[in-house]
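Shared between the two complexes below is subunit A, which has subunit B as its partner in the first and subunit C in the second.
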Partner chain A sequence: MTTIGIDLGAKNTKVVILRDGEILTTASVLSGFDQKASADEAVNNALRNVGIARDEIKYITATGAGMDAITFANDTVTEISANARGITAVFPSVRTVIDVGAEEGRVIRLNENGKVVDFGINEKCAAGAGAFTEAMARALEVDLEKMGEMSLKSTKAVPMNAQCTIFAESEVVSLIHQKTPKEDIIRAVHDAIADRITSMARRVGIEKEVALVGGVANNIGFVDSMTRNLGYDLLVPKDPVVPEFIPAYGAALLAQDELNGG
Partner chain B sequence: MVTVQMEEKGIFDQFKDWYTNRHEYAKAWKEKGGKVMGYFCTYVPEEILYAANILPVRILGSHEPQDVTEPHIFAMFCPFCRDCLAQGLKGRYDYLDGIMIAQSCLHIRQTYTSWDLHIPTDYSYYLPHPMHVQSPQATPYLREELIQFKKSVEDWIDKPITNYDLKRGIEIMNANRRLMNQVYELRKKRNPPVTGLEAMYMVVSSQMTDKHEHNRELESLLQKLSTRDIGDPGERLMIIGSEDDDTEFLAMVEDLGATFVTDDHCTGTRYFQEEVNPSEDLLNAIAERYVKRVPCPSKDWPKRTRLDHIIRMSKEYDVQGAILIQQKFCDPHELDTPAIKEELEKNGIATLFLEFDVTVPIGQFKTRVEAFLEIMREEDLF
Partner chain C sequence: MSTTKYPSERLKSWGKAKTLRENYYRDFAEAHDKGGIRWAGGAWSFDAIPAGLGEDVWCLTGEPYGATVAFNKELALECQEAIETKGFARDLCSYMRNYWGSIILNKYAWPQYSEEFPKPDFMWQDHICCSHAKWYQVASDLEGGIPTFSIDVSVGPYEELTESRLNYIVGQMHDGIKWLEKTTSRDYNDELLIKAVQNEFRTCHYWAAICELNKTIPAPLDEKSMYALYVLGTLRKSSQWTADYYEKELYPEIKDRVKRGIAAVENEQCRIMTDTQPPWAFLKVFRYLEKYGCVSIGSLYTFSLIGLWEDKEDGTWGPRSIPEIEITNRDEALRALAEWNLSKPEWQHFYHPKLKSEMMIRIAREWKLDGVLLHFNRGCEGLSLGIAENRLAIQKAGFPVMPFEGNMGDEREFDLTRTMARIDAFMESLGMKKLVD
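Moving on to the complex of A and B:
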């Protein structure tokens, strides 16, 4: 039994192909203006990876901000439920999922059965999400991938009172003018996102274990800031999937559940 | 079947039409030779205005972004009060003969004050209204204020308002309340014959049309509703919060398969639930009604009387989930939210908290509401 989970996110479209509970492959493409075309492309790439024909797929479940555009999906489910299903499969002990994507940060609280008890999503401002790190990387002329590593070399915490991406950028510019080392500014950026996400998590209620997922969880500098905020280690998935694939994985699992009679 | 549905849907069209074309309606009404009073807040005693044959029209926003209020209202005052003022500054209410407010919160009072300062009308009145409505002195206080207000209206229209007029004013208001309560009563049914969106059109339109006409429409509606069946409501929701005429939001939620079966809104039950009990002293009777009505949270202090009220309503309407929604920066509502949330959840009712702005971010809200419904549906399985 082969199913597909598609997570059409604000920045990337992620696909997971699942056969009898095992991940066969994953694929990711940029979410373009034509969202359905992006989903198609990601699905075709994934199928090509493993040499499976499209008609072998029994069920497709879509999630993510653009899920409604995927008209060929059999079902849709919110990122909240997809995350819950995905993380429970990887870390059954997790009670709080923190998902930081490109445009949204989400906090999801689960019960011992992996069911969603409560959740929070950041408001309109993207200061608590990945797009913010990207903008700051541009301002600092640093490769996005290097941000994490560099911030770990910081020796000093610099307070940054970032309410929104635009204001934060002008704060970063002031810090540059003050000759603040790049490493410290990058750490300040990560601390600022971590503070916003932690505030939201406290509102929803944090219960151990805590998992960090979404693309920004690949940033070790951000993980470090979150760990400092919470005072204990967070679980970041590596196997069978990396953090940004958790919702797509969850969607593929939900597709499989559906075929197994819910 | 489909045509019947379409035809049945039409029974709320008149309310929607009044709401959508509120300015055209008021202008046409005025042509017939009456005065129109724009008012802020549902603490304004419309009985006295109806007694004076004045048409009360509640001033609401338009949900469009605007750039005209910045010099007059703080950016962190609620979006609703700014949206209302924008309507005035843009001249959309240029037909008003007067404006008035009864004190509730500072934000909307700033709208009134600014309007009074910058948009000339023939008449304006600030009605002090007791904040401490739980005090035994609140009714006598308001009665004294109503005496002054009545006198001021009499001077304006140059005609005395008699006891007979007041009785007329009370009767028309009470009839409107009674009829809307009857419609709400039907929403308690297993399959309510009314959607939340339709109920909102009904109540909000009553705040801006001549209640004689509105009452006739309600009477005819009630006859049609007795046999109307719009099927399984899905999740039975209650909507609780500040001023809300965000019809687009209600439509989105109900499109997802749930139904609002009741509300605690000043564009809903808080507006019409209680009638005036006419007694010898009519102004005292009116004062008593506005002091004892289900309060706006700006007046619900020191005891939070709304808690018991909301729980009672949620049981009567068999509510499964509640959406707590408020205007951004609305401190009175925000202060009550944790207590209301806790009380509802203690009673097994799922809650979702959202904040309104001038425009409704439908996409972002949809994800939250869908996840909320998913949680409720999951629970159903076990």
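Moving on to the complex of A and C:
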């Protein structure tokens, strides 16, 4: 039984192909303006990776901001349910999932059966999400991939209070003018996101173990800020999938569940 | 595939409610043409008292007026910008801002009855929320100075009511009547007062009795429809037309729907309640819920802004019984009116969120709910007071809760797409699937 999970996110479209519970392959493409075309491309790439024909796929479940555009999917689920299913498969002991994607931050609390008992999603601005780090990387003229490493070299905590990505950019510019080292500014950016996400997590209620997923979880500087903020270690998935693939993995598992009778 | 589970039909008395509401705004606009008096005040003001000035006295209550403006997005934005230009802050009560904006623009939300905002002859208000008395103080200033009287009702929760607390309010009511006589140069008629008090008893009792019928599965009424019905009580709870409509038309009709198993949402499979005023410009949220077969059976807000409730012998929450007392004079009428209003559920949580949580949990249990949607309403500090604590208490009682942020009267603070996405996640967490697209 082969199923596909697609997560059509604000920045990337991720696909996971699953056969009898085992991940066969994953694929990711940039989400373009034509969302369905992006989903098609990601699915075709993944199928090509493993030499499977499309008609061998028994069920496709889509999730993510653009899920409704994937008209060839059999079903859609929200990122909340997809994350819950995906993380429970990887870390059954997790009770709180923190998902920081390109434009949204989410906190999901689970019970011992992996059922969602509460959740929170950032309101209004992307100041608590990946788009924020990207905008700041641009303002600092630093490669996004280097942000994590550089922030770990910071020696000083610099406060940053802006409530929105646009205003934060001007705050970064004024820190640059004050000759604040880039390492400290980058740490301030990560701390600011971590502050927002942690306060949302506290509102939802944090229960251990806590997992961090979404693309921003690949940023070691951000993981460090989150760990300092929360005061304990976070579980970051590596195997069988990396953090940004958890919702697509969850969607593929839900597709499999559906075939198994729900 | 048909998803219809229950028969459904339109409310027969719907049109009547619409007409009564329109007449109300027309009568206020045309009061002076008929030689009458018009006054303005809050939906919770003791409107039975000015009723003693005569049968040609019409009022305009501020909250439903503010909601009417909110429903009209263009007018609401105009009102808000006008009041912000005057220097008033954006985080004040949004009904109040809509109302003040209407005065500044001199635009009535019912232009078919009057292009201009009809100026009241006096303001008659009471005070429990921080915004209440200030609302009419500023409105009076904006109108160029209108006599204003406000009764302080903040004497503590009903369960702690004492004779001296009651006397404090009744004393202000007596003073208020003298003030009304002086302000309007009219003699006061105690018979009309007594009649109005008795009407108010019926209004509050029967509205609660109607809401109680929503304990039934399937619910005969959905909250979106209830908004158009409860509003009559907020317009003029002491009027004979409101009391008669609830007692003689709506209540029998809803009872009959229960008897015949008529549902408000024909595919009902999930029951929720909300809290505080909805974002009026976005009532489509309720239609969206229906795609999941989800009915909002009401809220503490819709049930008891006007409806009064009490513990029944079997331990359930039911409509407060109409007092079996004979009212023979002004003091008795005022005393009964004050005591009656002080038991209003929506007044209790101004004293402690615990009191509100208890009532909400009670509704969640007795109305057999699957979950709760809480509107963290930035437009009303009065009713949002303690709502985050209510959320925790309701969750602790075992009911899933979905909060969403917004503003009842200022659409700039509400995000429809994100709210719907949040509803999707909440419905999924309750195990619901969309029944229709």
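As a working rule, the second predicted complex is superposed on the first by the 262 of 262 C-alpha atoms of A that agree within 3 Å, B and C clash if a C-alpha of one lies under 4 Å from a C-alpha of the other, contacts with A are read in each partner's own complex, and residues count from 1 in each chain.
The criterion applied here is as follows: contacts are C-beta pairs under 8 Å (C-beta built on N, C-alpha and C of every residue); 3 or more make two chains touch, one makes a residue touch a chain.
In this text the structure is predicted, and so the values were computed from the model without any measurement.
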item	value
Overlay on subunit A: subunit C relative to subunit B, clash or fit	clash
Subunit B versus subunit C as contact partner of A:197, first or second or both or neither	neither
Touching partner for A:246 - first (subunit B), second (subunit C), both, neither	neither
Touching partner for A:234 - first (subunit B), second (subunit C), both, neither	neither
Which superposed partner A:29 touches (first subunit B, second subunit C, both, neither)	neither
Set intersection of subunit A contacts, subunit C complex versus subunit B complex	77-81, 115-117, 119, 121, 123-124
List of subunit B residues in touch with subunit A within their complex	355, 357, 361, 363-364, 367-368, 370-371, 374-375, 378-379, 381
Partner subunit A, residues of subunit C touching it in the complex	388, 395, 400-401, 405, 415, 418, 421-422, 424-426, 428-429
Subunit B partner contacts - residues on subunit A that touch it in the complex	65, 77-81, 115-117, 119, 121, 123-124, 262
List of subunit A residues in touch with subunit C within their complex	77-81, 115-119, 121, 123-124, 203
